[in-house]
C-alpha cells in the first residue's frame, strides 16, 4: 500500500512537471509578449534572437566571410554594452551556400520557424532578389551590406551599402575634373550590377560630363583571358578605364593588365569592385596607382575607424583586412539597435517606422543616416591602391543622398 | 515461303557484289571484289587470316562503309542504306563471337528478333500474341533449343549460343543469311547438327558462310570462294578449289 | 486489373514499392512535416523528376547526359515567364518607366515586351512550351548525336558544354532573361496566390502526384518491349541494330522522355519556390542530379526518388551542422557509390532486403511455433 | 600612315594574344589529352590537379621569400618542377586507389572523379582558406617587353608560350621517341597483347595517369602568372579543356594541338569584335556545331574494327 501510494505520487508529480513544461513551451512566446514584442518574435526578457544569412560555403564564401565576421563583432560589442532593450542578442547563423534557392529557403526558415527579430545577410544581388519576396511576405527585416545596383526599395530591407549612383557619380565627377578625362572605356563582369552601373555611368558621362564612351565590354563571370580586351583598350586609348570586374576574373584582369604594360603610369583606371579583400588576391603591386571608388577604406583616419580596425584585428588576427562591404555589414546590428531602442519594440513594423532618420555618429566610415528610402546617406571616397594592399584616400565627397531610382539614369 | 520467290527471276543472282573496295588509311582490306550469290545457294568463303573475309560481311551488312563499288541485293543498292534497313531488306548477319542478350531467356532473345514492334511506338505497344509465341517455338524447335526456351541465354553452352544467334536471324526470315564461323567452338556432334540445320534452312534462302573447318565446308558448300589479300583468288566447287595451285601456294606457302 | 498492375508496375513487389512511396509522399510527409519543411521536400521532389528521367536514359539507355539541368531550367523558365507576366500587370508595375513589362526588363531599358515573351501570356501555350521546348531541344541534340553514333563519353561532354553555353547565354541576355538573378518575385498563377501556405500544400500534392505519374509511366515503358530493347541496346548495341532496329530512334526517344520529365520538374520547381535562375541550368546542378540517381540506384525508378530525398536531406542537415564536412561527404558518397555500390541504395536493398524479410518472417514463425507448444 | 603603324601594332599584339590563349588552352588540355586519349579515362578532377600545381607555386614563393629571399628571382623554375612532382605523385595515388578499379567503366570514372574533385576542392579550402591567394612573382616575369613604342609583349605571355613549347616537345619525345612511350602506345592499342609481350600494363597506366596529372600541375604553376589561385580556380577551366580534347579527336595529341589553336583563335579574334560573353557563346556554339557534324573530332584515325 505504502509503495503503491508513493508510486502514484511520483507518477502525479511527473505528470505535473510534464504538463507544466508543455504549457510553458506552448505559452512561451505569448507569456513574454509585452510592448517590446507583440508579434510573436523569438524574444524573451533576457534574450533576442536574430538571424545571420550568408554563404559560408561555395564560391561566394570568399566574399561573404568578412561580412559574417563584422556582424558577429558588432553583435558581440552590443552584447558587451548590455544588449538591446536589456536583452542579449543570440545569433542563429544559416548558410546560403552560394545558392539562391537555398538563401530563400533559409530565409523562410529563419522567419517562420525561428521567428528571428531581424536578419543580417546576403551579399550578391541574386541572393537578395531571391529572399526579397520571403521577407516581404513574412514581414521580416533584412540588413543588406553590399554596394549594389539600386532600382530597389523595400519596406523590409535596410540597405547599408551604397546604391549605384552614390558610388559612381561623384567618382566620375572627380576623375573628370582632376584628370581632365573625356573618354571612357567601360568594362564589367556579365551580370546585373556591372551592367546597371555601367548604364548609369554612360548616361552621366554622356549627358553630364559631355564625355565619350569609347568602348563597353562584358565578360562571363570567371573569365580569365583578357588579352583581346586589353588590346582593344590600347587601340581606343581612353582617358579612363572604368571597371567592375568581380571574383576570380579580377585577379586575372589586373595581372594581365600589368603584364601588358598597362600600369598607372600610362593609364588611369577607376574600379567599383576592388576593396581590400580583393586586393589580397590580386596583390597590391599589380594594381598600384589605380583608383577605387568606395565609401569606406581600412586606412580611413578617424578615431571610430581606428577603434573598429583594432577590435576587428584583435578578434580575427592581425592579418585580417576590412573592405567596404565588411564595414557596411558592421553597421547593420548598430543601426538595428538604434532603431529598436527608438521604437521601444522589436516589432518589425515599429522598427521600420523608426528607422528613417536614425543616425550613427560612431560609424567607422564617419557619419551615416538612414534615408526615407531605407538607404544610407554616405560619402564617396576615392582610394589609390598602394603596393602593400591598402588604399590611400585621395578624395572624399560630401554626404550624398541615396537615390535608388535615379531619374534620367534609367 | 517459296511462294515469295516465284515472281522473282530465278536465274538472276540474289546478291551481286561488284568492284567492292574499302581502304583503311591506304591499306586496302578489300580490293575490287566481285561476288555473285544465287538464290538458295550455300556459299562458303575461305582464306587465310587477314584475307578480308569478315570485312566483306561487314560491308554487305553495312557495319563498314565501302570506299568504292556496289552491293546489289535483289536490285536494291545496299552501300548507302543504314544497317537496320539492310536487315529489313532481308539480310541477316551472325557475328564471329555469338552476340546474344545474355541476361534474357532464350524465348526473350528470339522474341526480340521478331520482326514486329520495330519502331518506338510499336515497341511500346508490342504484345506477346499467340502468333509470336508460335513463331518463337517453331524456331526454337529448328535450332534444337525447344527444351531450353526459359533458360537464361548466358547459361547456354558455346555451341548452343551459336545456334541461338542463328535462330534470332531465322526469326526475321531473311533471304540472305550471313554466318561468320558458325561452328567455332562446337563439338563434333554439334557440327553435324549444325550442318544439317544449314542444309535445312538454305532450302528457301541463300547462305553466305565464313568457315575454317574444311570438313564442315565440304559438308555444306555448294560453291567455295577463296579470298586472299582482299581479292578473289579462286572460285568453284570444293574439289576444284582444293586442287588449284594458287590456293595451295597461299595456304601452304606461308 | 491485378494482372495489369503486376505486368506494368513490376509485379507484386513493384506495386508494393510504389504504394509505399505514395504513402510516404502523399500521407506521411504532409502529416509529419510543417508547411516550411514540406515545401522543402516539395522542392527536392522536383529534382526527383530529373533523377527518374536519368534512370531511364542513363541506367537503362546507357546515355549519360550531364546537361539535364538545361531541360529542368527550360521547363522552369517557361513557367516563370508566364508567372512573371502575370505578376507584371500595369498596376503593380506603375513606378516603372514602362509599366506592364517585367521589372528586370525595365531596369535594362527595354520599353516593349520582346516577341519571345508574347506567347507566354497564354497559359495553354505555356503548358505546351514547358514540355515542348525542352523536348524539341533534346530531339535536335539526340538526332544529331545519336544518328552519328557519338560515343557515351562524347555525348556526356557535349551535353555538358550545352549546359555551359545556355548558362552563359541566359546570363548574358539579361534584358530577356533576368540574367544571373533569374526571374524572381512570382506571385500568382491565374490569379491564385502561390505564396500562401494553402497554395504550397496544394502545389506539393500536385507535384507529388505528377512525380508518381511519371514513375508509373516509366514503369510502363520499362515493362514494354521498349524497356527490354533499351537494356539490350545498352549491352549489345550491334546485335540490336542488326536485328533490324533503328537504334538511334530509341535513344532519341528515351532522351526526349528524360528531358520532358526534367522539364516538368523544373516547372513545378518554379511554382513551389517562386523563382527560376540560371544556377539550375549549369554543369554543377546537372551533375548533382546524376548523383541523386546514382545514390538511389541507376536502375531503380523508385530508388531515384529515395536517392534524391536522402542526398538533399543530408545536404540540408550537414551543410547546416558541419558546413566544412559537407563537400567531403558529398564527394566521398559519390566515390563510394560509384566504386562499390554501382546499383545504389536499390542494389543494397535488393541484396539485403529479402534477407531482412526472411529473417523477420523466420522469427515470427519461430515465435508462432513456440506459442503453439504447450 | 600613323594610323597604319598603330593598326599594325595592335594586330601584332592581338596575334600574340591569340598565341598565348592557344598556349593556355593547350597547357590545360595536354595532361587531359594524355589521360583521355591514351587511357580512355575521363578525369573530372583534372582542374583540381591544376589547382594543386598553383598552390604549390604559392607555397614555394612564400618559403623562398621567407628563407632565401636572394633566390626569389629563380624559384619559379623550381616551382614548376615541384608542381609537376607533387601533382604527379597525387595522380599516381589516385590511379592506384580509384582509377585502376574502374577501367572499362568510363562513365563511372567520370562520376567518381567528379566526387574526387569535390573532395579536393574542400581539402584545398581547409588548408589554404577560401580566399584567393597570389604567388609573389619574380620581377623578370612581370611587365612587358616593348618591341616598339606601340607594341608591348607581356613577359608572362612569353613565358607561357616558352613553357608550352618545351612541354609539348618533351611530351612528343617521350611518347614517340622513348621506349616508355612505345609501351604506352602499345598498351593503348592492345592491352592483352602488350601484357603478353612482357609490358607491365598496370604500371604503364599508373605512370601515364601520373604524367597527365603532373602536366596539369605544371599548367597550374604557369597560370599563377596570369590568373588567380583559389580552391575552385581549376573547375573554371575544366569544360573548355574537355571540349578542346574532344574537338581535337580524343586519341590524337596532334588533334589536341590543332583544336586548341582553332578554339583560341576563334575566341581571341571574336573577342576583339564583340563583347566577351558573346564571343564565348559564339566559340562554344561553333565547337558544338562542328562536333554535331563531325562527332569524331578534327583528327581521328580510321581503325579497322
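Here the chain labels run A, B, C and D in written order, and each chain numbers its own residues starting at 1.
Heads up, the rule we're going with is that contacts are C-beta pairs under 8 Å (C-beta built on N, C-alpha and C of every residue); 3 or more make two chains touch, one makes a residue touch a chain.
These numbers were taken from a predicted model, which means no experiment stands behind them.
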Steps needed, at fewest, to go from subunit B to subunit C via touching chains: 1
Per Cα centroids, the chain farthest from subunit C: B
Between subunit B and subunit A, distance of the C-alpha-averaged centres to the nearest whole Å: 75
Whole-Å separation of chain centres (CA-atom averages), subunit C against subunit D: 34
Separation of mean Cα positions, subunit D and subunit B [Å, integer]: 49
In subunit B, residues with contacts to at least two other chains: 63
Subunit D: positions in contact with at least two other chains: 275, 277, 280
Numbers and ranges of subunit A residues touching at least 2 other chains: 190, 218, 220
Subunit C contact footprint on subunit D (complex, rising order): 40, 42, 98, 101-102, 105-108, 110-112, 114-123, 125-126, 239, 242-243, 246, 250, 275, 277-278, 280-281, 284-285, 287-288, 291-293, 295
Interfacial residue positions of subunit D with respect to subunit A in the complex: 6, 10, 13-14, 16-18, 20-21, 24, 130-134, 136, 142-144, 146, 152, 154-157, 223, 225-228, 230, 232-233, 236-237, 267-269, 271-272, 275-277, 279-280
List of subunit C residues in touch with subunit A within their complex: 34-36, 39-40, 43, 95, 97, 104, 106-109, 168, 171-172, 174, 179-182, 184-187, 195, 273-275, 277, 279, 319-320, 323, 326-327
Sites on subunit C touched by subunit D in the complex: 64, 141, 144-145, 148-154, 156-158, 160-162, 164-165, 168-169, 171-172, 283, 287, 290-291, 294, 324, 326-328, 330-335, 338-339, 342
Parts of subunit A lying in touch with subunit D, wherever the complex brings them together: 59, 61-62, 65, 190, 216-220, 222-225, 227-232, 234-235, 248, 250-252, 255-256, 258-261, 263, 277, 280-283, 286
